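Shared between the two complexes below is chain A, which has chain B as its partner in the first and chain C in the second.
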Partner chain A sequence: MSRTIDPRRSGSHPFLLLLIVAAHTAMLLTVGLTAGFTPEVMKLGCYVLAADFVGSIVLQLVQRQACTVDFVLLLVLGISTIYQSCFGGAVFAMKHYLFGLMAFVMCQLSYLLVRNPYRAERLKPLWYVLFGILVLSILLFTGSRGIWIDLGFITIQPSEFVKPVFVLICASSMHTQLQKKEWKGLHYVPDNLGMLICTGVIVCLQWWCRDLGSLPTFLAVAAFGLLLRLYYLREKWSVRFMVVFGICGAVLAVAALKFAPAYVQDRLNVDIWADMSGDGYQQCKALTAIAEGGWFGKGAGNGTLHTVAAANTDIVFATISEEWGLFSALMAVILVLFLPAAVLTVPPRSYYHAGLAVGVAAVFMVQMTLNIFGSCNLIPFTGVTIPFLSQGGSSMLASGILAGFLKAAQAPVLSSAERSRKKAQGGRMQKA
Partner chain B sequence: MKRQTDGKSRKARNPIPLSVDAPRSVLRAGQATSLLIVLFLAALGYLTYTLLTEASYYVAMSGTADYGIVYDRTGDVLFDGSRPLEEYPEGQFADVGNFIGDTSGQMSNTLISRNLEDLTNYSFMLGMSQGNASWETTLLHSANRAVFDAMGEKEGTVIACNWKTGELLVCVSKPCVDIAKGYDDLANMPSGSLLCKAFYPMVPGSTQKVSTLIAAYETCGIEQINAMQYDCSGSWLNAKRQRINCHKEQGHGTQTLVQAFANSCNPYFAQLVQSEQLPLSRVIETFTKMGYAVNGEKGKRLLMDGITASPATVTLADPKDFDTQWSCLGQGDTLISPYQLMLWQTAVASGTGKSVQPYVIAAKTDAEGNRTEQTVRQSSEQLFSATTAQAVRDVMTQNAAAYYKDSLGDYVCGVKSGTAQIIDHGEEYENSLLVGFSMQETCPVAFCILIEKRTAGELTTASLAKVLLDALQDMT
Partner chain C sequence: MSEAIVRFFAETPVLREALTAVVVIFTDICALMILLASGRERRRGDRIWAKEGKGYMLSCGDICYPLGAAEILIGRHISADIRVQEAEASRFHAILVLSEGNWRIEDLGSAGGTYVNGVRIHKPRILRVNDKIRIGSRTLTVIKGGGRSVGE
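The block that comes next holds the complex of A and B.
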């Protein structure tokens, strides 16, 4: 079974790059025809296509290490830059572009860091230390119960970087699961205990920061991590167990909603159309913008939603819909969906990587759910971002790191493990 | 598999070749990811559907879209979204406000709110257009106004359609919001101002006897039923010793069905329901075919150009029990919307047993100037047999000729009146109803008239029917 894209065999590599360039060129032409071929538009075109060109060369040079994730990421980052450059007028979004490039680099670095599951697992104490540092930085440096660290020239959101670290903590190997210990007759796996403690710390921290919007993301990662750990040796899913697990989740959710702070309760019960200038302002504007954009949008740069707060972050789906149309916005979201979905076509070879992939999928999916459905008033509105599409340096870099985990899950395992596999296969063949 | 958990060699540090031993676990991780993706895509599909169906509402609420004009069949304006309604004469929209509706979002079950996207210059596909949309409706505004004025201070509803074509001609419901005056005084508006009562269930009174008669004809045959005679002494004790009173205290004596129908005699119809010749199962079968939701079953909602009406409901448990007999007399649990009562009249008037599908929007012109006519004239499935329809038509026509000549003048009509006994929050009162049809070639109309809390000496449903028919003589 072929587990990576090997262009030297299939010849798909140049074809994929051509598709990426073609997609970006088509979008840039659309921008030019709508907003005119102004210097800003030309600059945008040059930078985006230059990134494609450089990216193509890099991926061509490291063909054996290139995965579907790389190509999708290159495509998404270019599209995202074009979107962000057009909100309310075509002006090249240099900052977003640079963070996009950095996200691509972070993707490669995190891939190198975790591609060896054994090493990544051995580095687990380091992840706990990182987790502790990030938590402390939130407690000490984010001001009065805030989530941002203001360095003057730049603001950092440490909680975004907690996400990839937490995914690393929640992923586990079978070997680790077998390391059981006993305390007063009670058997437990230290790694599982660590994960639960970290989850508890995050819940407390988010409550303290009043940033409950990110809590579902962390809880989803923890839930799937727990699920995989509980099921690591079993043959198949137990329906009874899943029902109990689901009921527990539902009870917790109901309890959380019941005891949620007043401002959360307000968001749960707000009738946005009855409070169009108050609590429902952003959602009303977002829904109206989507409606006015229709299937094909008002045209790049012709939107009005950019004047609303968080137009390029929390309600970015609506902003894209208004200018480019609902069809384009949906396609962009589905494109981001390709990142975790790519792991389905080329399954991870290790249990550890599988855990990483599920964790990243949970982060991406929950964030997109909260952002899109929240801004469209199907669920309470929270201030989370869509990975890669929303503006925000911390979010972009954290998403890049998470994409690196997906790439590691897709990439070939180390030669030692490969040898083990072949050896095992050879042994079986001899027995046969 | 040999487990190694200690040692210094590389193999010892990587004791389990993960790729070999964990395929099922890895597979489950893939299943978990797939589940997440499928759930997300399903939610995205739902979101898309919601956006498509509600986009017009969002645009309406934002006030960015322009709306077109709704005309009656003569070109009179029933709603104008292109300019302030205050510019029209006082009361221009006061008679049909809660039926035609407006773009304020205050009313949900109106013609405009149900078809909002077709009246805007906005469409999800094309965005905003420069022109204005318009609708031509089948309503005759002058007739609506005549009926509205004739009702005076009385509350109620009048709905009428052409039983040949399905064109809705009149739909008035009082009290009615005047959309030109807006909703600033919403708190002080009379209850029911924002809904058209023609589409909401109410107690039908003796107009239900039309349905009971249809069920009897369908079950036993016309000749047998017409030959049945029962005695009325002013009240009657059923098999369970429960009393059914007649509105005529001294009773009607021995009557045939036609006489009892004309007299609206409760004891006669109660005896008919209790009769072993009229099996309850057959009555239920007929009622179900007619569209009743019997004994708590979920019925099919009725639809007219997007406006919905709840199906009729009736409880038929034991033919010897008061509740069942009372239901067949149109009291108790029986609830029917005037719209549905009118529908059955179209099936009777046409003599086919099939009701016509009423419609109100005759043609739509979109903001781009494209005109679409409603050309499909649908009729229902067979509600009851044509023979039954013709027999009921004859009974109702005889009833009108014998008892409503003074009220209805020379119109060739069939009618059945009813009085619904209502207890609402401790208050007892009676609603007066009249269902029927006109057989005039120039005015083939089926109608239902409801006057609420009517007392003796006040406006009668028959005189209102006369106003209605007179007004519809101008129908072109």
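The block that comes next holds the complex of A and C.
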């Protein structure tokens, strides 16, 4: 007897969910044995496992063709909450936990928004409007020497939300690349012009805000967007153009370094070991903590790096290394990198989604590189966060939105499927 | 009791290190299993795609070209999904687009033109099974497969 299988349903993954719960339980057990089974540790355990169970139920109810991103996200968010709760003593990090849950929800919402590449691209004017609103909010509310908007009860970092919007702007389909226009004999693609203008605006804005640490992330997204366009239709970039473009880029980079603000020059030339109590303080402490932690760490809550400024954000890799060991810290980093890597196993079916996936991969990889290499004094200290692991609501929510883009690239919904589903829904409603 | 366990644990660092190693290994196994699950999702994705794209493929003699994405570029250019290395073909010759459940072919202003069933097309045209697309001297036939490529 033949059996009809609906390929759209992914089936259940109870085994995977059980493994995630078991991994979190093992970590919580380690915390309990190291810091004691205090009420705070019990509270942490209850909340993390409750999130796992609720997440499992939600995934069972709504999961469609791909849920690798959801599983990795569930695993990473639980691990991140446990890490953040243990820095300098086991106290449940409720704020980080709540932002983690919100990031999970944002992932699902952004997936729903961009799962149809045609619709996502049709909404491009909206992305430009959002970009404009965010830029204006930075210009009007943060000031020239800050990146935060303080609302009293909460602080928002609008530049973090620019990242997903910029990724949406940089992604493009082959069809969009076909739409060429002419102005006084010059042929151009409006989409490409829009992307370049947005890149220019971001460079000026970051310079004005003195938030140059985030600039490499945006430039990487733009560079990958540009690279994809090289192979897009009608973008006949000649070798000569590429050489001129490269030379201009190199000249601009050299000029930027030469005329960079004094604080950037200081960071580029600082000898951290000669200035251990000044500009090199955080990096010296971070490197010492990594060395003291060794492969297996000092134990959850036994670290000392939490007293240093930005221990749970900018130098979070070192803080995790100190308490949990280099093995655990590397594992956490690999898990986060696993999110964009998982998309490679299911190649995107549309160029727009491919652009989104590449943009998100660029954001995650560059941010991690800047954070980890900065902590280890391999590059100047930038103060960029590690997605999902560092504390910070804006960063967490923006990372959740970006994870939703990856999910959309893995499980796209094209118009035919949406139409048939609407038809089916219409039929059911008529029957009712 | 709890304090005694914690004290014992603190006094025996080997135990703590072993437990940390177990946590790392456990999490890695978890990640590995998710990776294996994503492999299954890929096969499922292929089946869904076969349904979305109606399982259409292009055949040219013994060669079959699966239509694995919503936009398929045909031309001489190295980035083309279906490369037609003939002088008559333009670098960016034609594009196949899956939209509203139909595959459409669109000529990209090529010099030699794109012909469907012997008729030169000037605007997007919906493709049906057994339609013959001629680009230069190469003829590609629309066939219905199982959504699998030749290599699979």
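In this section, the second predicted complex is superposed on the first by the 375 of 432 C-alpha atoms of A that agree within 3 Å, B and C clash if a C-alpha of one lies under 4 Å from a C-alpha of the other, contacts with A are read in each partner's own complex, and residues count from 1 in each chain.
What we mean here is this: contacts are C-beta pairs under 8 Å (C-beta built on N, C-alpha and C of every residue); 3 or more make two chains touch, one makes a residue touch a chain.
Here the structure is a predicted model, which means the values were calculated and not measured.
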Does the superposition put A:48 against chain B (first), chain C (second), both, or neither?
-> neither
In the overlay, answer first, second, both or neither for which of chain B and chain C A:349 touches.
-> both
If you stack the two complexes on chain A, which partner ends up touching A:333: first (chain B), second (chain C), both, or neither?
-> first
May I ask you to decide whether A:376 touches chain B, chain C, both, or neither, giving the answer as first, second, both or neither?
-> first
Could you look at A:276 and tell me whether it touches chain B, chain C, both or neither (first, second, both, neither)?
-> first
Who does A:357 touch here: chain B (first), chain C (second), both, or neither?
-> first
Determine, under the contact definition given at the top, whether A:173 touches first (chain B), second (chain C), both, or neither.
-> both
State whether A:290 touches chain B only (first), chain C only (second), both chains, or neither.
-> first
Using the superposition on chain A described above, determine whether A:162 touches chain B (first), chain C (second), both, or neither.
-> neither
Considering each complex separately, which residues of chain A are in contact with chain B in the first and with chain C in the second?
-> 117-118, 173-175, 178, 231-233, 236, 295, 334, 347-351, 416-417, 420
List of chain A residues in touch with chain B within their complex = 117-118, 122, 173-175, 178-179, 224, 227-228, 231-233, 235-237, 273, 276, 284, 287-288, 290-295, 298, 326, 330, 333-334, 337, 340-341, 343-344, 347-352, 354-355, 357-358, 361-362, 365, 368-369, 372-373, 376, 378, 413, 416-418, 420-421, 424
Quick one: which bits of chain A touch chain C in the complex? Just the residue numbers, please.
-> 7-8, 10, 13, 15-16, 19-20, 22-23, 26-27, 29-30, 33-37, 65-68, 71-72, 75, 79, 117-118, 173-175, 178, 231-234, 236, 295-297, 299, 324-325, 327-328, 331, 334-335, 338, 342, 345-351, 410-412, 414-417, 419-420
Would you pull the chain B residues touching chain A in the complex into a rising list?
-> 3, 5, 10, 13-22, 24-34, 36-37, 39-41, 43-44, 46-48, 50-51, 54-56, 58-59, 61-62, 64, 105, 122-128
Interfacial residue positions of chain C with respect to chain A in the complex | 2-3, 5-6, 9-10, 16-17, 19-24, 26-31, 33-35, 37-39, 41-42, 44-45, 47-49, 51-52, 68-71, 73, 79, 91-92, 95, 97-101, 108
